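Submitted below is the structure of interest, expressed as structure tokens.
First chain written, first letter: the chains are A, B, C and D, and each begins at residue 1.
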Amino acid sequence: MTDLATVQDDLVAANRILAGLGVVDGFGHVSARHPGHPDHYLLSRSLAPELVTRDDIMTFDLDSQPVGGDTRNAYLEKSIHGEIYRARADVHAVVHSHAAAVVPFAASSVTLRPIYHMSSFLRAGAKVFEIRERFAATDMLIRTNAQGAALADKLGDDAVVLMRGHGFCSVGETLAVAVFRAFYTQTNADLQQGAVALGGSVTFLDAEEAMRADASNRSVIARPWGLWKSKFAPSADR
Amino acid sequence: MTDLATVQDDLVAANRILAGLGVVDGFGHVSARHPGHPDHYLLSRSLAPELVTRDDIMTFDLDSQPVGGDTRNAYLEKSIHGEIYRARADVHAVVHSHAAAVVPFAASSVTLRPIYHMSSFLRAGAKVFEIRERFAATDMLIRTNAQGAALADKLGDDAVVLMRGHGFCSVGETLAVAVFRAFYTQTNADLQQGAVALGGSVTFLDAEEAMRADASNRSVIARPWGLWKSKFAPSADR
Amino acid sequence: MTDLATVQDDLVAANRILAGLGVVDGFGHVSARHPGHPDHYLLSRSLAPELVTRDDIMTFDLDSQPVGGDTRNAYLEKSIHGEIYRARADVHAVVHSHAAAVVPFAASSVTLRPIYHMSSFLRAGAKVFEIRERFAATDMLIRTNAQGAALADKLGDDAVVLMRGHGFCSVGETLAVAVFRAFYTQTNADLQQGAVALGGSVTFLDAEEAMRADASNRSVIARPWGLWKSKFAPSADR
Amino acid sequence: MTDLATVQDDLVAANRILAGLGVVDGFGHVSARHPGHPDHYLLSRSLAPELVTRDDIMTFDLDSQPVGGDTRNAYLEKSIHGEIYRARADVHAVVHSHAAAVVPFAASSVTLRPIYHMSSFLRAGAKVFEIRERFAATDMLIRTNAQGAALADKLGDDAVVLMRGHGFCSVGETLAVAVFRAFYTQTNADLQQGAVALGGSVTFLDAEEAMRADASNRSVIARPWGLWKSKFAPSADR
């Protein structure tokens, strides 16, 4: 089992990496399930990701209540994390982002689909969560556990879910996997934009190719993760 | 009431931040209403925004005449600021920009509309000021108070107004809000370009979503503003 | 009259600025007419522009022959410069570039036209030089004075000429003007791409607006030029 | 004949340059034929290209087996290199990349063609390798010599081959040529995207122009190669 200190260091690194890769800016957040208490998760206090240090990490239960009487300001949308961890025992890390390349697909009737092996985790295409379906007019944020649960429900067994008029979430069995998927969701969105704009027919990975490629990517994930740490989180990488 | 020194520091920071975010380059400017004299405003002398320091700030009255016999070169388009402050008592900061992502919408019949919550201040869509309607052939600049007043008139109660063949202005109750809106006007333009290019149908925020999301954004504006200060204006942030 | 040392310093700065702005990379070049000998021009030896120093500057006559027995390698396309100076007494600086944003217009039947005041020097639209019209199959380069003269002929009285399958040239009465026009040719290309992609109608500057705006831009050109020098050529700016 | 130390230094530089130019990220690789043993080639151990040093270079035979009992982890797709060197005696360097601009063309029915002289090595247009044609459902990777040989077969006598749902390879008689071609394949993809999006007709280089321009580019390749070394691999350039 991974120990707590390692997860904390990786969580700080994940914040810096996501900022460095342009997946998050002043907004967006990333969490990790507590390695010793699977019904707890770790998430920074409300802070821009690239400024996050180990001391900023708070612990929450699956109702997204702070543990241990921590009264610091939490992100408004912490329920995204709590409800995904509740629904998905296999998930140990969650990224939420407004990455610019992805938002157009969250507003469009066109489905985000895997255009190459790196984004094979998109499988048959990313679903889009439409908050209006169950919650009428909102400020678009996931402010309640009920909204978080509806989002987790739309995610289902997938690796990524888009959010209409808002952004997306990616999940993984480790922080490296969730960050990898967030980055390549962003990249795939750029690539698919390009392919659509060419005006010809576009061939996406089929279901079996996507399944096989996803397994292969996970076998080499230490390579990009190590590179990203060395570039964006050197001090977090002792 | 915010004191003058704080507004001056924030105005220097706003100049640096807008340059750092690519909203302004050698051109563009940002002003603040004087905190003690609501019929005065603060604006740098004619200078590239990223070079602006506290000593470069001039004070103007609402006719855009320099106060106190200041004879330094002013921006040619200072009337943009004076006339918006005259027309809008709620506005305490104004940004003018030629940001590349926005200009296509200022030349196009397609309306810039809020594609996600971050740009909800665009509401039902940004209006476009057509200088030819009242002033025939010009060099496209707002050189007179009459032109500034016509622009303020087109802005109406909105947060943003585009200018055909030129750029746009954003306004806010603080410098942080006006800068936030300038940046996310630019971002929304990029995102909407992407969504349109996908060729499917595009869902924008509806009026109530936009109103609610705009309120939420203003409640967390200290987060991006603090990040931007730390990145682009560290020395201006003592 | 500007003295030689000033022009040499400005020419080094122009090389660094064009590289810093992404207008040139390993290829592309910029020249200035000799301030004391209008039938001579100054151009670096064959070198990537961002590496150019004062010692790299060679002098050529209008036949693009090196003056003073200088035997260093010259750019293959020096005739671009010699023939434009021969044809246009008003021109004192020439930029040649393969800037990525511009090449699509050099290959397309769609005309590059001024979408905002900053690029008003494009007037009724940039013409495209088609080398095949007079020289059959070539390697696309301007290798002879006859080819340079044909290019200068296509330029006519304009500020910019595109070159099919190759790039473009901009000219001006000073280095600052030619550099400004090269940069905003690149920017306009990006903006027009965006406006076309929106799919609606696009309004360009009309002839009188363009003429007026071009005059205004030249009156404030010291502002971007000073900014660019401070960012990209600080040591060249003593 | 180039000596081994020079090729090793150039190979380290090529790794850094490709990373610096955005042609490779955590993935992608570049190799060189051994200058003394044409049936051997040099390729880093499995590592992100921008981290590669001389000590990371392994030697392989044309069956892509490590020479000299080297047991370090090799890239999964080393057969790309071995099989191209086996099929093409004229090739002394191979780049494999997932560069974002190129992948859309690898998924599209639209052919990547030379839009300007810099990418004239694309000649009549880049072919696309469809792994499904001979290997049914895979994880898209070139994992076997048979797959590598099929890719080399599709490459034929060309300079570049695209790989559906994956990326592309470029080859050359030196590392400088293969890197130049990888970079300008990426650039051409961007430019052609732009030209297509304009909606008019697009004129590409014809066969004779492409042949002539390719020869000219190779005559001046030291200029971009020297610039790239000075920018991205200064310490590798002693």
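A few comments on the model shown:
The definition used in the following text is that a contact is a pair of C-beta atoms (placed from the backbone, for glycine too) under 8 Å apart; a residue touches a chain by one contact, two chains touch by 3 or more.
Remember, predicted model here, so these are calculated numbers, not experimental data.
In the contact between subunit A and subunit B, the residue numbers used by both copies make up under half of all numbers at that interface.
Greatest Cα centroid separation from subunit C: this falls to A.
In terms of their C-alpha centroids, the spacing between subunit A and subunit B amounts to 32 Å.
Our note on geometry: subunit B versus subunit D, Cα centroid distance of 46 Å, whole angstroms. Counting partner chains per residue, subunit B shows two or more touched chains at residues 197. Those residues of subunit A that touch subunit D in the complex are listed here as 114-118, 120, 187, 190-192, 194-195, 197-206, 208-209, 212-213, 215-216, 220, 223-224, 226-228, 230.
Contact residues on subunit C toward subunit D in their complex (touch as defined above): 25-27, 46-48, 50-51, 76, 98, 100-101, 103-110, 137-141, 164-167, 189, 193, 196-197.
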